[in-house]
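Across the two complexes that follow, subunit A remains constant while its partner is subunit B and subsequently subunit C.
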Partner chain A sequence: MKATNRIFNFLTFLMAIVPAVALISIFVFVFQESLPLWKFSGLSFFTTYLWNPGFQYQQPIIVHGILAPPGAQFGLDLFLLGTLSTSALAILIAFPISFLITLNVELYLPAGIKKFTVSMIELFAGIPSVVYGLWGIIVLEPILFRSVEPWMAQHLSFVPGLKGEIYSGAGLIASGIILSFMIIPIVTSVIVNSFDSVPKEVKEGLFSLGATKWEVGKYLTTSYSRASTVGGTLLGLGRALGETMAVLMVSGAVTNILPASFYSATNTMAAAIASLLDSALTDSTRMNLAALAALGVVLMAISLTVSLIGRKIAGRGSLRGYEGD
Partner chain B sequence: MEEKVEKIIEIKELKVETKNKVILDGVDLNIFKNSVNTIVGPSGSGKSTLLRSLNRLLDMDPSMDVSGDVIFEKRNIVDIDPVELRREVGLVFQKPNPFPMSVYDNVAFGLRIQGKKLKKDEMDKMINQALEDADLIEELGGNLKQGGTSLSGGQQQRLCIARALVLRPKVLMFDEPTSALDPIAKGKIVDLIRALKQKYTVILVTHDMNLTRKVSDYTNLIYEGKFVAKGTGSEFFESEIEEVRDFLAEAD
Partner chain C sequence: MTSSYTGNRQEIQWKNVGSRKLKDTIANGLSYVVLGMMVVILLSIFIYILDSGASHITLTMLITPGNTATGGILNAIVGTWELVGMGLLFSLPPSVLGALYVVNGRSNGTLSLVARLFTDVLTSVPSIVIGLFAFIVLVQRLDMGYSLIAGGLALAVMMLPYLMRIIEISFRNIPKEQIENAYALGADDISVASRIYLPQAKVGMLSGILLAVSIAAGETAQLLYSAGWNNNYATGFLHSGVGYLTYVVWNGINYPTTYSHYLAFVSAMILILSVTGMIAISKYIGRRQ
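For the complex of A and B:
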């Protein structure tokens, strides 16, 4: 009996530390794999947008004491820009939609329909990203290419970045839209939950002072649910930053050409890792692999930071200050 | 006596039901001006629902089906903009619910969302008056910047009363205003309700018979969605109606 108890204790301890150990070891492993890149490129990794795998079938050269294919050059700027801009666009689209869905669900819909609507929205989170990508290619891109983007270029050309040539529909706008679909369920469910946790007396109190539904929603979002709203949005942002497959399919997956406008093709760190990996594995110096690992390190650092901040803010009691505290 | 006093609200055949439950079963009631109109009854008898139908707060809950008429100052409330109605018919809740902001901002809240552009000193004056009417200004010692939620329970409740008063309502409804308060805080609310009826019409929902004895001018017993007794304060306690006797026996 005692022995089984000890085994059980040990197993639970093991299970408890596995997540932390796994997280740290993944980070360490990826970082270690990226070390040759840092020696090879140094800070120029952050200051250029050019990404050339080099001539992998020629004699490797030695740079800063490290073997690399001749002509190789690695800079993350284009991917970083793509990651940040697609995610920012996704948040710009997703937040107002999530907010309106929440208002509707919380203040307008009958309780029965509300439950149905919320569970439907949450189901969206379960759609595989490759399916979103496929939908993006088959449905979204043609619409953008034929109707939306030409209209925007014609009528909104006074907005910086919206003037320019239309390419194919694939690019920043398509990526932002697809990403926003993927994060709306996350953002919405966090905000809806926090609205639900606002005491009924507070909502009724607001209404009985003559507030309209819109004013109640606005007030709850900026006070009681502010922390959850910000936190939920950051959680969504964390998801958008790391999303790979769908973006790879609709971004245009460009390298070495900086976007000229919002209609241009783009690329993200996550998508670049996935799409460049195959050829990187054929590099006998492993320098291309190290470069992708370095992208992974930066991406991981960014999305972990965002997720941590989001979690921290979302978890913070948004009702603090209520009832004499 | 009823003939002399003016009716401010007439409730006619008011019925409130959900899909599977009748909450108010076609009730009639008159609310008299500058009086304390008390509605007593056991939990779940429909008291709070009645209050929430008078300022159309029930509209917020789509599962509630409301029929019948409520006439407020000769107008049917369905013809009054709910936002306007709720300012004229204020509601104070069982649990004090100040917003997490300063005392001043709490009271100013209703004024601000009205979108009226008030001058600073005009606003200050209205807020001070409301806090005075709610018997809170002295206790605060003029410090209106302190947080509304940091006050004691009784003070919070009076803050909520001030918040309703500042909108200059004609009717002030209280939903079990003392049940979450200690005896001293309760006593202050009793005094306050007595004072308020000089300027306002008060509708009080409670199951506290002590409170009812002290403040009520018209006491009405609701039981399973129907009024079983309507009357003045003293008549009520003498009533021979079986439900009243049962209720009083249980309440004491």
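For the complex of A and C:
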């Protein structure tokens, strides 16, 4: 009986490290697959934006000791720019909305329907990303293309980047909007949870001193919930950086043309992997696959770093208020 | 208690009462506007998808397999459940056992902490990177081909951290005394796990499973290059692609025929209904616990 118990305990230990093994092997194997690319492109992978799979039906050539299709060149700048700009726009849209929703459910909304409202906002996270993509293509893009973007181009053209030709609704703005819908529930629930964990006496004390609800909300956000607010926003950012399908469907999935304005089509690292992998498989030298794996390595590094920092900050959140003030 | 306050009450100045109240009113109004806006957007997405799905659905779509441009989507419906079931099969046992390890005080604290950190970090790996990994390792190196096993494993990597965390939380909700009593009476770890942890956490586990299944059912990026696609039903566990609903949405809407768009709408409707339905049930039973 002692022995079976020991085996059982060892088994639970093995299973507890499955996530760690999975995470490390994902990183190791994807990195290993990307190795030829680093030899082939070197630093130019980070400094150029042209992505050319090369002539896959010609005799492969040897570059830096590595077989590659002639004419192949790989630079991630366009995808990196797209990933960063769409995620930044998503945060710019999502943060104020999440903040106001939190204020509303915590301070203004009758307490009875608070839970229901939060659950409803959380439903945004439950919609599959292809469904967002579908809605983006059929509903959002035409609205942007016909009404919103022409209006912006006409009236806001003094803002840099908002002046330019409008080709279709697909691009940075559509991607940012769709991404913001996906991260609003994440950011909101982190901030709401941290508001809930503020001791009741603090809120009551503030009210008894004559603070208005807005002042209470502002005070709590900048003191007790500051860490959670930043951490939750970073968690949302981490989600936005890695989102694939919805962005693939509404970004325009462009390669080799840098965006001229906010209305131009864009592309992200995640979307590029999904859309280019199919054709990369016809490359007998596997250089295209290595290039996409390299994109995956960079994407994973960025999004894990952001999420880890977010988690670290948000985790400290509830203690923060007691140390300060 | 008599007050020793001697000052003139009128000296207390309420500064800027008007403008402070105005700010509060503006914040109040604005927060309702934003909340209302988001609710309207959410409802409009739901209504649009449900409406366009319901108005194009036909019986033949639901009872015949197809290739996202012609035929039906039965192969995709069946395939989605096969893949999700496979993912659950691969992720549930490690989640339950791993959660037991983490809640079991016997392990030294650092290891539990590290295990939990990795579990958290695994949720932030972009799904397309999991798909790329599945393609490179499972499909190519282990020569599984586009298959149910490869797709199921790719989904399991994503379901595992969610399941493990939720199961861990429902284990932690069990009163500590009960577990200590069992040990005091001489129970070993296996019987504590099978007689206390598992039965007591049944509801919480069910709620976690539903949540993980609902997330997995809506995934696409992992499956594109692990499950592939199949115009018909999968014929085996290996070397036979599998269809799934999210692929129909993606491919159907990009395919230039009206019928393929209809297929995409109907698939989206089925997806959104089953996913949000499962989330709602999961929340409901999770709350009752």
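Some observations on this one:
The definition used in the following text is that the second predicted complex is superposed on the first by the 317 of 325 C-alpha atoms of A that agree within 3 Å, B and C clash if a C-alpha of one lies under 4 Å from a C-alpha of the other, contacts with A are read in each partner's own complex, and residues count from 1 in each chain.
Please note the rule applied: contacts are C-beta pairs under 8 Å (C-beta built on N, C-alpha and C of every residue); 3 or more make two chains touch, one makes a residue touch a chain.
Since we're looking at a predicted model, the values are computed, not measured.
Judged by the touch definition given at the top, the superposed model places A:S223 against subunit B, while subunit C stays out of reach. Once the two complexes are overlaid on the shared chain, A:G65 sits clear of subunit B and of subunit C alike.
Using the contact criterion defined above for the overlaid structures, shared-chain residue A:I138 touches subunit C, although it does not reach subunit B. With both structures placed on the common chain, the touch criterion links A:I26 to subunit C but leaves subunit B unconnected. Of the two partner chains placed by the overlay, only subunit B lies in contact with A:P199; subunit C stays clear of it.
In the superposed pair of complexes, A:E215 makes contact with subunit B and with subunit C alike. Legend: residue contacts after superposition of the two complexes on their common chain; A:P160 is shown touching neither subunit B nor subunit C.
When the shared chain is aligned, subunit C comes close enough to touch A:T12, but subunit B does not. Overlap of the subunit B and subunit C contact sets on subunit A: residues 108-109, 210, 212, 215. Residues 52, 55, 57, 60, 62-63, 83-84, 86-87, 90-91, 93-95, 97, 99-101, 109-110, 113-114, 147, 149-153, 156, 160, 163-164, 167 of subunit B touch subunit A in their complex. On the side of subunit A, the complex with subunit B involves touching residues 107-112, 199, 201-205, 207-212, 215, 223-224, 320-325. Subunit C meets subunit A in the complex at residues 14, 20-21, 23-24, 26-28, 30-32, 34-35, 38-39, 41-42, 44-45, 48-49, 52, 93-102, 104, 106-107, 111-112, 114-115, 118-122, 124-133, 135-137, 157, 160-161, 164, 188-190, 193, 214, 217-221, 224-225, 246, 249-250, 253-254, 264-265, 268, 271-272, 275-276, 279, 283. Here subunit A touches subunit C in the complex through residues 1, 4-5, 8-9, 11-20, 22-23, 25-26, 29-30, 33, 96-97, 100-101, 103-105, 108-109, 117, 119-121, 123-124, 126-135, 137-139, 181, 184, 210, 212-215, 217, 235, 238-239, 241-245, 249, 270, 273-274, 277, 289, 292-293, 296, 299-300, 303-304, 307-308, 311, going by the rule given at the top.
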